[in-house]
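Each of the next two complexes has chain A plus one other chain: chain B in the first, chain C in the second.
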Partner chain A sequence: MKRESALVTRDTQYTVRNPLLSFLRALSAVVWKDLSAEMRSRELLSAMLVFALLVILIFNFALDLDPKTRQESTITAGVLWVIFTFAGTLGLNRSMAVEKDRGCIDGLLLAPVDRSAIYFGKTIANLVFMLIVEIIVLPIYSLLYNVNLFQPGLLLVTLLGSVGYVAVGTLLATMAVQARTRDVLLPILLFPVVLPIVLSAVKASGGFLDGIEMTEIRPWLNLLVVYDIIFIAIAFMVFDFVVEE
Partner chain B sequence: MIEVRRLIKRFGLKTVLRGLDFRVERGEFVALLGPNGAGKTTFLRILASLSRPSLGEVRIAGFRLPGQASAVRRRLGVVSHLPLLYGDLTAEENLRFYGRMYAVPDLDKRVTEVLEMVGLASRRRDLVRTFSRGMQQRLAIGRAVLHDPEVMLFDEPHTGLDQDASAMLDTVLGEVAARGRTVVMTSHDLARAADLASRFDILSRGVIAASVQRADIAANDLLAFYRQATQDA
Partner chain C sequence: MQTKPRLLTVLDFVTAALFVLAIGMVFFYAPLEAVMGQVQRVFYFHVAAGWVGMLSFLVAAIAGVVYLTSSNRKWDIVSLSAIEIGIVFAFINIVSGSIWARPIWNTWWTWDPRLTTATVMELIYAAYLMLRQGIEDPDRRARFGAVYAIVGFVSVPLTFFSARLFRTIHPIVIGTNQAGAEGDFDMTPMMLQTFMFSLLTFTFVFADLLWHRIRVGWLAEKVEQLRLKTIQ
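Up next, the complex of A and B:
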């Protein structure tokens, strides 16, 4: 009897509810789904973390040959952003592969929600993963390289750079996941596009580490903010077209 | 309920659907049969609003695709040969997630109802990746009926299932159809289609080559009808 009761046609309301509420509900559902699945599998975070720690160690040994070079702020900033961007690429690839492997991307696209809610949900989840990796990487890097990375300005740059990187990365990962060569394709597509963000982030990070005047750092910060806004706006506008065949 | 006129779908220079006409009344269960490469999955993806038509008109429940896709999606349940489920979430969490995406009212009660319907209530807290293929497909049907859709699209739902799992899937499909939902199912399996559908349409070379009501053909004659239609197309 219970089996049948679930199929009795009900007076389902097909009316559109508050669009903003619907958007936020879908967005939070996607974020919750990604975080819950990752809490169970820990595939994405462990891959990103292991990779990041290996890169720190490799640079640690490589730069150990020249202690002066090791202390230079541009080297520190460069190494940090190499770690963040490469580890981030691993995470972005894995995040979209999960959607593709069981056809779940179709399940998401079949939902009667604004597709930008799916994009923002995936972006927020990817940002959380990237920030978790950064929170773990920063103190380890500080210890190994004897550099204080816990400066408010540097943390702000890390956040702004990560937002821009993940915003454009999620969009391009959605495109790349359709291809058989998605693992190779994503970095090829992503790195040229994200270059202005990485460049601004390295320059601003180096500036904060050197303790130079805020007036000299501000142009790079402004550039980061502008690129974040531009990339998020573009992704918002084109995501619907990107996910369609 | 479903009305398709002169539908054309091209992928680059290749034309997959060539002016296809198709009409399904409310409550009909149509089996869409055809050889590999006939365009069945492409057609179903267009009906599901996952792909845009190159030319032609598609209406579901009076709403035009792709222009009114969101209204169509609210009325649509889709089951493909892939489960569209997350392996690292439990059965209950998967349904709860999709329920939130469809804004299903009284979600807790509905999730319980659906899990009982597909016979997975006792496994509600198990991860989907631990499920057999048959169990995943049953849960996929649960996902598709969760929001009580008017129209259901099944894309070769029996693919990869053993006999027992296929029989159980047929039972659930039969219940879905018996409750008055409009169903379109693609299949290679003529015998299973003959058991379930009220009408058989043969899709060959991008058009509906032939169509026959279940009442007008004996189950034994379906294979001959299918062969004739695919040869003539």
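Up next, the complex of A and C:
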């Protein structure tokens, strides 16, 4: 009993003393909650990974993916981004659905922390999941089709693209899971809005794979960065209205 | 029920008169374009419809912001009404563009930035309607609608710029044309007058339709409230 009250006073002191520190603590708590839940169940990552491999398999037969028969690497960049987008949708949907199903989101909202800490926490956790999938898919793809995908430029594009995708995806997934038609709604909401990021990521990745000069790739990179900034800012501003009861 | 305001009746008649006049100007006042011939006349309503589409999506996004800050249901109805009108006019814009493109570009469709952006815009606002359909709680529906109207509208210019980085063949009405634009032409003063008049007419059509649609929205809301009352 005594210990409990001591803990409470210490926590409130933290909140009062340093708002930035308490924000970071809340944020890391949300991220940690998602990561440790995933470490135990592994249902989200395994689903995303198996799905990604299946997409590679389907594309292998639908299109000829062997680089020897294809002159340009646009197809590689395109296929990679289709995999990331689809697997990402799967992960986003699941990550918000588990919050909604057991009423966990209500618990999160009752916590006396800033709502943006919840948004950024969920976004960072989703980003980690997406990056893990990408880190596993890239070497597998390199191995299967004998192309070197481990170029710094390509990795940078993958990171920038994933940040933007997850930033707007987390916001829209939060809305989609609260709707009646939630399983089908997220891709329909997300894909038209996220199109500029997929487009510029595909072009920039293709550019790096083809070894095009930096001056030609830079406009696409600029667009990616601009998109990331704009959508993080907007999602940060409107997230409150999406979770409000 | 609220009676129809007199100003709205006046607006109806003015809009109808302007529209008849605009059709007359397009077919009889504007001169025949030297290279493209008669099909160029679709230009006046093609651009005007596109303008109304963009205008209504802008109105919807602004109404969304106002709704989120004020939580007054009125603005949600404005936002929804503007988007419904915008979808129709953006579609008219796409179809009339295709009719123009067939003889000039020799294809119904090409993945030009403007065409791509127009398509994505239609899809975004179709998704908006689907999102609204999936939510029963009116307050939440209004909030989500406003959020998506804002996010969608912000994404449209980015889509345009990203597609613009590819080479374009669509002529630019305002600003300088890139080399390689096909179907470009210089407007004579009479053409410019007809063009401006079409823009004005379509803006009136937009305002008139929006007013009517908002009134329908109010009535729908009243019906819903009455139904809830009788159930209780």
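Some notes on this structure:
We take it that the second predicted complex is superposed on the first by the 219 of 245 C-alpha atoms of A that agree within 3 Å, B and C clash if a C-alpha of one lies under 4 Å from a C-alpha of the other, contacts with A are read in each partner's own complex, and residues count from 1 in each chain.
We adopt the following convention: a residue touches a chain if its C-beta (ideal position, glycine included) is under 8 Å from a C-beta of that chain, and two chains touch if they have at least 3 such contacts.
None of these values were measured; they are calculated from a predicted model.
Once chain A of one complex is fitted onto chain A of the other, the partner contacts of A:K33 are limited to chain B, with no touch recorded for chain C.
By the document's definition of touching, neither partner reaches A:L159: not chain B, not chain C.
Of the two partner chains, chain C is the only one touched by A:L172; chain B is not. By the touch criterion defined above, A:E244 reaches both chain B and chain C. When the two structures are aligned on the shared chain, A:G107 is found in touch with chain B, with no touch to chain C. When the shared chain is aligned, chain B comes close enough to touch A:R25, but chain C does not. Contacts of A:P219 after superposition on the shared chain: chain C is touched, whereas chain B is not. Of the two partner chains, neither chain B nor chain C is touched by A:V128. Look at A:A97: by the touch rule set out above, it reaches neither chain B nor chain C.
In the superposition on chain A, the residues of chain A touched by chain B in one structure and by chain C in the other are 244. Residue ranges on chain A touching chain C, taken from their complex, read 168, 171-172, 175-176, 178-182, 185, 188-189, 191-196, 199-200, 203, 219-220, 223, 226-227, 230-231, 234-235, 238, 241-242, 244.
Residues 68, 120, 123-124, 127, 130-131, 133-136, 140, 143-144, 146-148, 150-152, 154-155, 158-159, 161-163, 165 of chain C are the ones that touch chain A when the two sit in their complex. Listed in rising order, the residues of chain B touching chain A in the complex are 45, 48-52, 70-71, 73-76, 78, 80, 82-89, 93, 97-98, 100-103, 105, 110, 113-114, 116-117, 119, 127, 143, 145, 147-148, 175-176, 178-181. Interface residues of chain A facing chain B in the complex, by the touch rule stated above, are 2-10, 12-14, 16-17, 22, 25-26, 28-29, 32-33, 36-38, 40-41, 98, 102-104, 106-114, 244-245.
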